[in-house]
Structures are given as C-alpha cells and as structure tokens.
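Paired with chain B in one complex and with chain C in the other, chain A is shared by the two complexes that follow.
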Partner chain A sequence: MDRQSVEEKLKRQGGVIENFCPFTKLMLVVCTAVLSILFGSLIYIAIISAVYIILSLAAHVSRDFLKSYFRLFIFFGLMLILMNSFFQSNESEVLFSMGKVSIYEEGFYRGCRMSSIILSVAGGLLFFTETTPIQDLMVMLGNIGLSSDIVYVVVATFQSITELSGRMEQILDAQRSRGIETDGNLIVRAKAVLPMLITLLLSSMVSAEEKAIALEARCFNCQGTRTALRVYKTTAADIIAMIVLALITGGIVVAGFIL
Partner chain B sequence: MKEKKSNSIIVISLIPVCLAVNVVGGNLASALKIPLYADSIGTILAGMLCGPAIGLLTGALTGVVSGIFSPIMLAYIPVTGIYGLAAGVLSKKKMMVKIPKLVVSGIIIALLGVALASPIIALVFGGITETGQAVIIAVLRAAGFGLLPATLISSFCTEFLDKLLACFICYVIVKGMSDRYLSKFQLGELYMKRKKLQIDFDDDDEEELQ
Partner chain C sequence: MEVIRMNNLSYRYPTTEEYCLKNVSFSIQEGELCAIAGSNGCGKTTIGNIIRGLIPSFHGGEIEGTLEIFGKSSKEISADEKAKRIGFVFQNPFTQNSGIKETVFEEIAFGLENIGVGREEIITRVMDIIEMLKIESFMYKHPLELSGGYRQRVALASIIVQNPEIMVIDEPTSQLDPKGTEEVFEIIKLLNRQKKTIVLVEHKMELVAEYADHIIYLNEGTVLLDGTAEDVLANEILYKKNLEMPQVARLGFQAREKGLMIEKVPITMDGAVKIFAKYGKCVKDGGGSHGES
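Our next item is the complex of A and B:
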C-alpha cells in the first residue's frame, strides 16, 4: 500500500463539526468560558446547555455527550445553585421560602454564576473530547512544536489504559478462580485490592520495559523531522469559524458593557 | 549524568503505564466499591523511581487524562501533581526505603494533598464533589463550620487511608523489581537488594539490539 491509499483509508468519515480543527473547538470552549465569567446567570445556563446539546446532535455524538452532560448538570449545576442558596445567608433577602427552608437571593445568584462557569468549561471540554480523537489533538500539537516525548506519552497512555483494563479483567478472573472473594462486606472486598493491584502493576512494569526496547529499536531518540500517519491541516472553514466565534464573543461582551 | 539519555526512553515508556495504572486503579476501587480513590499509585511509583520532576509530570498528566473522561478532574491538576512531586522528593531523601519511614511519607503526601485539594474543592466547586464527600461537607456546614474547614475535615478522612495504601503498594512493587530493572531508573539504586552496584546494566539493551 502506498502512502496515498493509506491516507485515503484513514481519512475521517465524520461530519462537518468533527472535522473542524481541534483548535477551533478549543476556541469555542474558551469563548463560552469568558462569557460565563462575565454574564453567568440562570438564562446563561439555559443558553449554554442548548448550544452544546445542539452541537452534539449535529456532531452525532449526542448520546455519550448527553449522558455525561446530564450527570454534570445534576451533580454540579443544580447542586451548586441549591447549596449556595441555602447556606450563603448573610442577611440577604429571602427569594423564596417554604416552611423552614428558604432560598436566599445573594446565594442563589452566586450559585447560578458558579454553576454557569463550571457547566460551560466542563461541558465545553466534554464536547471537545467527544468530538476530537486524541491522536488528532496530539498530532496537531506536535505540528506546532510540542515535544515528541509528550506526544508519545499521551497517545501511549490511552493505548495502555485499554490494554491494562483488559489485563485487569484477566487478573480479576484468575484471582477469583484462586479463591479471592470480590463480593461481600467492605473488609472482604478491601482484602482483594492488594493481590489485584500488585499483580497488575508488576506485569505492567514488564510491559513498560518491552515498550522501551521497542521504541529504542525504532530509533525514537533520533534527531530530525518525524513523520506521522495522520496529516491534518487548518482549513478555510476553521479560520472562518474562529473569526465568527471571536466576533460573536466580542459582540456580546461589548453589548453587555454598554447595556 | 551519563545515563540520562539512555534512561529517558524507559522513563518515557514508564509514564504512560503509570498513568494507565492510575486510571485502572481508580476503576478497580470503584468496581470493588471501596471508599478509596486508588488513583495515585502510578504517580507515586513514578516519583519514587524517577525523582520529583518526572513525578510532577506524571501527576499533572494524570489530571489531564482524567480530565478527558470527566472534565471536573482538570481542576485537581495541582493536587495530582503534588503527589508525584512529594513522592519524588521523599524518595530522594530516602524516606521510602523502610516501612516506618514509608508511613511518615504517606502521611506527608496525604497532608499536602489535603492542603491543596480543600481550597480547590471549596473555592472552585463550592464544596461539591462527585463522591459522598458533598454530604459530609453539607452536614458540617449545617453544624456551623465554615466552608473551608468543612471541606478540610471531610478530605482528611479519605485521603490518609488512600495515600498510605498507595505508598505501601508502591513499596511492595519496587521491592519486587529486579536489580537489573531498578538500575535503569534515576533513584532505582536506593531500592536495590545489592548495594554499591558497579556494573553498568544500561548497555544491556543496546547489545541486545545490535
């Protein structure tokens, strides 16, 4: 197979949004974060959630994204608002009260603000990671001069995670067959941790050495330009999207300060 | 620092494995439903073997990698970083060579972690975590504690046990490694069975390859 057919084969099948350059998507996250710090409120939370949900639908990653986003929304979004509303009670006005429980105005707005910052940063990053394969990001970062050591470390980490999770299952089964109990009360379960983790760690240390030898055999420490299987370029669509994002953010900020 | 260049490849391949151990260890703890994180074993191991700088890097990358699975973790990058840094410094000071010293090291690492994590939990997330801690914090706050002390107290409970266990596991692992393997790492000599090693094992790999 020559290089061109390999590249053809590796060409991404994804839609418009997945094919944006990772930096464009990162810029979206930064823009929403800036806006959330300036204008965090209940309405902002609604808008930002809508934006990310629509984008994830358009990018066909909606199910995974929605699941994680929903969890984020319940655990952090709502909890932050509620906890702040109950406890930040420095004699501020009561917004709403029911029996003994009252929601305080100051705390409520504070909670909304914090919650919109967290939802837009975390939600944005969630969207980013759902739509961007990690290899893409690392190749891009490598192109703009990130050290190849770091690129390798991050890409290899994700390989190792799948590898080790598989081995973990094996070890779990093996140790169970030798009579280690993994169900029962807390002490029984805690006892299972050591034989599990130590076996896993020692075997993974061996694999680290094997990988080192493999890397050395492939001349990892050589000087000179490196080649990558995947090639990415910033397209015109990326530049347009970045300009539009910058204009929208700038526009909202300016409008917010004038009004 | 003659070995530095030849060491770096094994270090580069050790870091991803340590990172994966962190993630998988965390998954195991939650699969067995044990109230520990077990997500810093790899970081501490990297710090122990390769010194503070690599420990810090591994720790910080752990934050980044877990951040990809749950973005909330990104805020904890300083905390995961300090675990590796502390483990590296302690290992350099020979504080992880014997069990009694190891316990002290575990406590120091846990203390540093709590000291750094609590302000983050309190200030960034307003005292909310995804674990059961949120409930403890809420109860303590209702009992009249401030936000920061409440977070501190609740962190102490989990952190200590977790770090002690992590240090102990790392100690067992390092003790289980062969001298030949340990010799490849910057601080490996501290844990060798045979002291005063004269032979340069680093050449082994190169010879194998030729």
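Our next item is the complex of A and C:
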C-alpha cells in the first residue's frame, strides 16, 4: 500500500465516456430532449436509438443499458406510436389501412413525437444512472450547494434501493427453492412479494435508529466545513463534449428552421 | 489521571417506571481498559450510552446524579465535542457504516471528511489505520459486501481514525464467530497498549478476564464490584450468588469446595493451567476436579 496506488484508486476508473462529469451527461439529456420536442419523428427515434446504443457500447455498459432501453422502446416508444395512430378521433388523412384498421396520419406523427421525447429523456437518464457512480452524484449534489443532510438522504436512498433489491432477490430465490410461487401473474407475484416487503421495511425502520447513532459517532452532525476525499473536476474532455453537444444541437435547430 | 467519574447516578428510560441504574458511582483512569460487566439487562449498555452522551440527548428519560468527563460536567461538553473526543462502536456490524461509501478506504475516511480534515492528511491517517489494524486485504472492497467480522473491524477503524481520547465499545463481538471475535479483540488490545482509554461493555466473562485492567461489575442496575480483573472475577460473591463469572473461576471455587486448596482462584485459562499444574499428579490419579474440566 503506497500513496500513489491509493490516489490511483480514488480516481475514477473506466474510460472517457463513462467518466464524463454528471453535468455533461445531464446536458446530453437536455439536448436530446430539446431536439426531440422540435424534430420528433420516426427518423429521430432511429437516430437517437443508434446514438444511445453507440454510447453505451463505448461506455462498456451496453448489456444492462440495452436490456432496459429495449423494454423502454417496446413498452413506451412503440406503444405510444400505435395508440396514437389507431385512436385518432379527428378526421385526418389515413396513412395506411388494412381492413377495418387504419393508421391516421396526424396520430402517427404525434405518436412519433411523444415517443421521441420519452426515449430521449428516459434513455438519457438511463445512460446517466448506468454510468454514474453514486459517489459522483454525491459530489455533484454537494458542488451545486446542497446541504450535506440532503445529499446524504438522496445518496443513501439510492444505495439502499440497490441493497434492498439485492436482498429481495435473495429472499425470492429462497422462496422459490421452498416451492412458493413467485413467477406468474401480478396477483401471484404480489402475494409472494408483499409479506417480504413488509418485513424488509420493518427491519429497515428498526435499523434507522442505530444508523442515526452510527452517523452521529462519525461526526456527521458536526458543524463546520467538510472536506472530500474524492475530488472530481470538470476535465478538458467534459468541456469539449459540452461544446460539441451545444454545437450539434444548435446547428440542428438552426438548420431545422432554415430548411 | 481520572477521565470519567460518575457520582450517584440514577437513570430511567422514558418508557419505564423503574430506574434501570441506581446510585451508580465509579471512576475510570486515563489509558485504562475498563470493562463494564454483568449479566443481560443489568444496565451495561445504558452506562455506555450515558458516557457517550446518547443519554439523555438521544433517548430522553430521567437522570439524577453527575457525570464528569475530562474534568468537566458532561452537560457542559457540546455534542460536537463528544462526537470528536468520545468514540463509539456498538454491537450490530450491519448498521455501523455510512451507507454511502463504495470502498472500505473511503468508509474509514468518512468521519474525517465530516470534521473537515485536509485531503492529504485524511489519506495519511486512513493508510496508517489500515496498516495498524491489518485490513489491507479488503481496503478497496465495498463495505456492504463484507462479512460481519470484517465490517466490525472497519467500524473500529472508522472510529479509531478519528483519534478519540475515549472509546466506548459495546459488545463488539456478540454477533461474530470465534475468529472474528479474536480479530476484533486483537485490535482492542492494540489500542490498550497505545494507552487509549477504553470503556468496554461486555458480558462474556472470558473476554473480560483476558483483556480488562479494571472491571465494574453491575448487578440489577447497581455496582456490585469494582476493581482489578482478579479482585472482581475471582470474588466469592459472584460464585455464591451464582452470577456470571469465567468458567475457570467457577471451576476454581468448585475445586475448593471439593477440598482442593488451590492458593488462588484462576480467571483465565492460562492462569488455571498454572495453578492446577501443581496438582498434576493428583489429577492424573483421578482427583476430584477431573470431571469439571
């Protein structure tokens, strides 16, 4: 154990893309949201999906990201388009019809726009959470001047969700191995999960008091300035990425209005 | 030098009628490893919580008598000062972590961040503690992925790094296996050698006998015995009243009852071996105490 290796460990691991500071990633969400509101369409959906897939591959989070993005795509993206297309009450031009079922032009375009917005924002946030360690989030929240109590609550909530879902999986496995049905329709699942959820919540309530004492012992409630072991600075890569994002977005917006 | 003095202290929890501490008085010297011993429910944890300042500020209740720490009335010491100068480690290995740090190294650093220690100094201090407690092998592991024994060592490290003058440690090993227990007590021994004042709340008499310099033995909320480990644990009162004591001490008294006039009652295994070795022949011949060992 030498100082240099410690410093190395305290630095962010991973490549350029996942190491972008949280603000850069949030800017990506904002830019895609703006573009989707202005130019949402079938082509936009294709492009934004391609962009996210490439980003997730580059950031080495493609497995988890793609799984969630695919669900998002099917359940929200596609659904929004279909629903809007079929159930368009206004008299508008029929784009395509097959027997009694017709797809209306106005509804189809509206569906595509809504779907674009959802996929952009949700996909962006998904990318954000997949690539941002809780530590980064914490430092970021602290940097924008939130009090340490609030930062703690936010971060601890994130952590405990991960911990709880881990424990939930364990319990579900245990139940399964004892022959209790845990898969199947909603009611079957609820029956399996509900008692466990109550136990989990109760146990976490009991430990809340001890947690408070533990934090007190670590001087969490002490007055005065704090320091941080991890310091994340906005790097040159972040600045370049932000400029590029701004330019692309601005360029597309301007081009869109001129053409 | 005296660091802790309790005078005629009585206390009851807000939810109970009965006082769970009655007229408790004792003093603890600097650099001492003082065990608060006694059976379940006799008020050990309550005393630890009073010294740490969690009672009455956190738990409420009614308190009479006085407590002086560092020569001042405990009431005059601010919560911040208590947090910095009186460390606290308790039983549950699973709730004693910040819950927001991703490596053991950063977990240990958390307390120092909270009191605004400079980054360079934090790294130096955390590295020193990790080396001292020999926990290098899991210093970059996630704190929430560790076993109970490892977590308890991290909990100790996290407090020790804050360099408190007094450490209150409440049954740190009650949820650990023998190996985990030994490793935790190695750390406590190390602290004792470094002349840190330690208040160890513990009901396992074997541990108390082995490690404590000074024992305050409680019974039903009052101080029954107060003195060195030998004075307290080899005291006949414990045997007569059938209170908790080390197995070997009980064996010693039983041996005496059977007529084996050992010169003193042992309190540790090593002590017992030395004392009984003198009667080696007798035991080989099938002496009275053979069945008990």
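FYI, the second predicted complex is superposed on the first by the 213 of 259 C-alpha atoms of A that agree within 3 Å, B and C clash if a C-alpha of one lies under 4 Å from a C-alpha of the other, contacts with A are read in each partner's own complex, and residues count from 1 in each chain.
What we mean here is this: a residue touches a chain if its C-beta (ideal position, glycine included) is under 8 Å from a C-beta of that chain, and two chains touch if they have at least 3 such contacts.
Model, not experiment: these values are computed from the prediction.
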In the overlay, answer first, second, both or neither for which of chain B and chain C A:F70 touches. neither
Between chain B and chain C, whom does A:M138 touch in the aligned arrangement: first, second, both, or neither? second
Superposition-derived comparison: chain B or chain C, residues of chain A touched: B
By the touch definition at the top of the document, which applies to A:A228: first (chain B), second (chain C), both, or neither? second
Who does A:L186 touch here: chain B (first), chain C (second), both, or neither? first
Could you look at A:A156 and tell me whether it touches chain B, chain C, both or neither (first, second, both, neither)? both
Considering only the touch criterion stated at the top, classify A:C219 as touching first (chain B), second (chain C), both, or neither. second
Residue overlap on chain A between the chain B contact set and the chain C contact set? 134, 152, 156, 159-160, 163, 207, 211-213, 215-217, 220-221
Going by the contact rule at the top, pick out the chain A residues touching chain C in the complex. 1, 3, 6-7, 9-10, 133-135, 138, 148, 152, 155-156, 159-160, 163, 207, 210-231
Complex contacts: residues of chain B adjacent to chain A: 5, 8-10, 12-17, 19-21, 23-25, 27-29, 32-36, 38, 41, 45, 61, 64-65, 67-68, 70-72, 74, 124-128, 130, 134, 138, 141-142, 147, 165, 169, 172-173, 176-177, 181, 184, 205-206, 208-209
In their shared complex, chain B is touched by residues of chain A numbered 68, 72, 75-76, 79-80, 83-84, 87, 111, 114, 118, 121-123, 125-126, 129, 134, 149, 152-154, 156-161, 163-165, 168, 182, 186, 189-190, 192-194, 196-198, 200-202, 204-205, 207-209, 211-213, 215-217, 220-221
Okay, in this complex, where on chain C does chain A touch? 52, 54, 58, 79-80, 83-84, 87-90, 92, 94-103, 105-106, 109-119, 122-124, 127, 130-131, 136, 139-140, 144, 155, 158-159, 162
